[in-house]
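Here's the structure, in structure tokens; my notes come after.
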Amino acid sequence: MDEFRFYQPIQVRYGDIDPQRHVNNSRFFTYMEQGRVSYFQHLGLWDGTDFDNLGMILLETTITFNEPILYGQSIRVGVRTERLGNKSLNVITAIEDAESGRKLATGNSVLVAYDYSKTQSIPIPENFRRLIEEFEGL
Amino acid sequence: MDEFRFYQPIQVRYGDIDPQRHVNNSRFFTYMEQGRVSYFQHLGLWDGTDFDNLGMILLETTITFNEPILYGQSIRVGVRTERLGNKSLNVITAIEDAESGRKLATGNSVLVAYDYSKTQSIPIPENFRRLIEEFEGL
Amino acid sequence: MDEFRFYQPIQVRYGDIDPQRHVNNSRFFTYMEQGRVSYFQHLGLWDGTDFDNLGMILLETTITFNEPILYGQSIRVGVRTERLGNKSLNVITAIEDAESGRKLATGNSVLVAYDYSKTQSIPIPENFRRLIEEFEGL
Amino acid sequence: MDEFRFYQPIQVRYGDIDPQRHVNNSRFFTYMEQGRVSYFQHLGLWDGTDFDNLGMILLETTITFNEPILYGQSIRVGVRTERLGNKSLNVITAIEDAESGRKLATGNSVLVAYDYSKTQSIPIPENFRRLIEEFEGL
């Protein structure tokens, strides 16, 4: 599947532009992080305020850079969960040109359910699993 | 005068939040920078692409912090030119809560007209002056 | 007085450079923030780990920009407390070229002693006052 | 091989810390970018000033996160070239605790030789290839 049920528009800032005069590579990461956080909020997995209770940590991420992002460009991050394992899940993110839908970069991240109070990974909580499955139709 | 004819909405990012769990002080600066750049684009003083020809450099800025900015808060930056000198101008910026209009921070910046090719300050070009005066009703 | 008893060297990153091909203005703020935090650690006012107990909040800051900072330039931030009031203090910061000592930017910040648990300003604690007075010879 | 002939120490900034109270994930990317840029400078592939002539663009990067990075932690980025293809090369980066040598994160990046004036990928220039082979003993 190549589409997303959730998109987060991202505002490119002057301060995101680097000496190459396009968006700095590290900001692609920041944009995808914003996509993921917004997605989890949208699904009701995070309340947007309790930073001690984000519930997930990032284990690995791969970013493929297709095109530079320019100042003034209208972009959005598409986010979807592709795989729900026992303790981990794969989240796909794509930075798209908001007008053409062209993929400027794609990301594949492995996240792990995490109990911050016990500082250890845990099985994905049942309500998380259910909310993701329902939203994604998995 | 206390109002603005130009407002730039700003998207608070997860990556803007610091260990105090509100927006890092340096990001107030980034938000105001974005406000100023957008204002100059809106007035036709910058085309949004020619980074060798921004025409202005920042000489001094004062920021007053009234309230913390929180993740999820809807904010905007109001921008206006308050004084047009021979070579310099004063630009006022205010970060406001977009719902209540409450001022979360205010900035007062002195900018200087600058010729990047000659790397020296210059009198504010006449078309800059005219565009600002017209927009602000100065 | 024009000198500092504390200097924090700062590492300029490629990611700090903006399309003007010098350090972005907002990073001057980040560098000065790093100077202040390091200074408070050096004086024993912060332990470097307890983010709920930084003890100070920033009320106002003025930055004067003298020279651009370039990639590869060796810089340091000088920090000193200039005034100790009842609840507030003035902290002077200067970003200097580490080789020539030339001031690239200067900052004047007003900080306020703050009780995070009560979320209100408080008189500067006596031990803070004493440690600063001793260090600065005030 | 698991070691590096080049290490770039990195200064963790207060401004790098996120609400989780460790270094924000996107900064791992910034640290590795700084490692790569410093490595290319060290090998004589970039002069540190000509931003129109960096010679390489990033095609893909994978980061594995092993441990959080804390404020005050002494870290360094190890960098090496692992594979030299016709147009592309693989650069391995590892963020290490500078005291224990423990790997906090590892990165695997594919870079492509690029002619900025023609905006197209090119075969890796012979002098680049030779300098890398000599340094790495490839």
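As written, the chain order gives the labels A, B, C and D, with residue 1 at the start of each chain.
In the analysis below, contacts are C-beta pairs under 8 Å (C-beta built on N, C-alpha and C of every residue); 3 or more make two chains touch, one makes a residue touch a chain.
Everything numeric in this text was worked out from a predicted model, so none of it was measured.
A count of contacting C-beta pairs for A-B and for B-D identifies A-B as the more extensively joined pair.
Among the remaining chains, the Cα-based centre furthest from that of chain A is the centre of C.
Note: centroid distance chain B to chain C, computed from Cα atoms, is 23 Å. Look at where the CA atoms of chain A average out and do the same for chain B: the two points lie 30 Å apart.
Centre-to-centre separation of chain B and chain D, using mean CA positions: 34 Å.
Residue positions 14-15, 17, 19, 21, 24, 26, 30, 33, 51, 71 of chain B each touch two or more of the other chains. Those residues of chain C whose C-beta lies close enough to touch chain B in the complex are 19-20, 24-27, 29-30, 33, 51, 54, 57-65. By the touch criterion stated above, chain A contacts chain B in their complex at residues 9-11, 13-15, 17, 21, 30, 33-34, 37, 48-49, 51, 70-72. Residues 14-15, 17-19, 21, 24, 26, 71 of chain A are the ones touching chain C in the complex.
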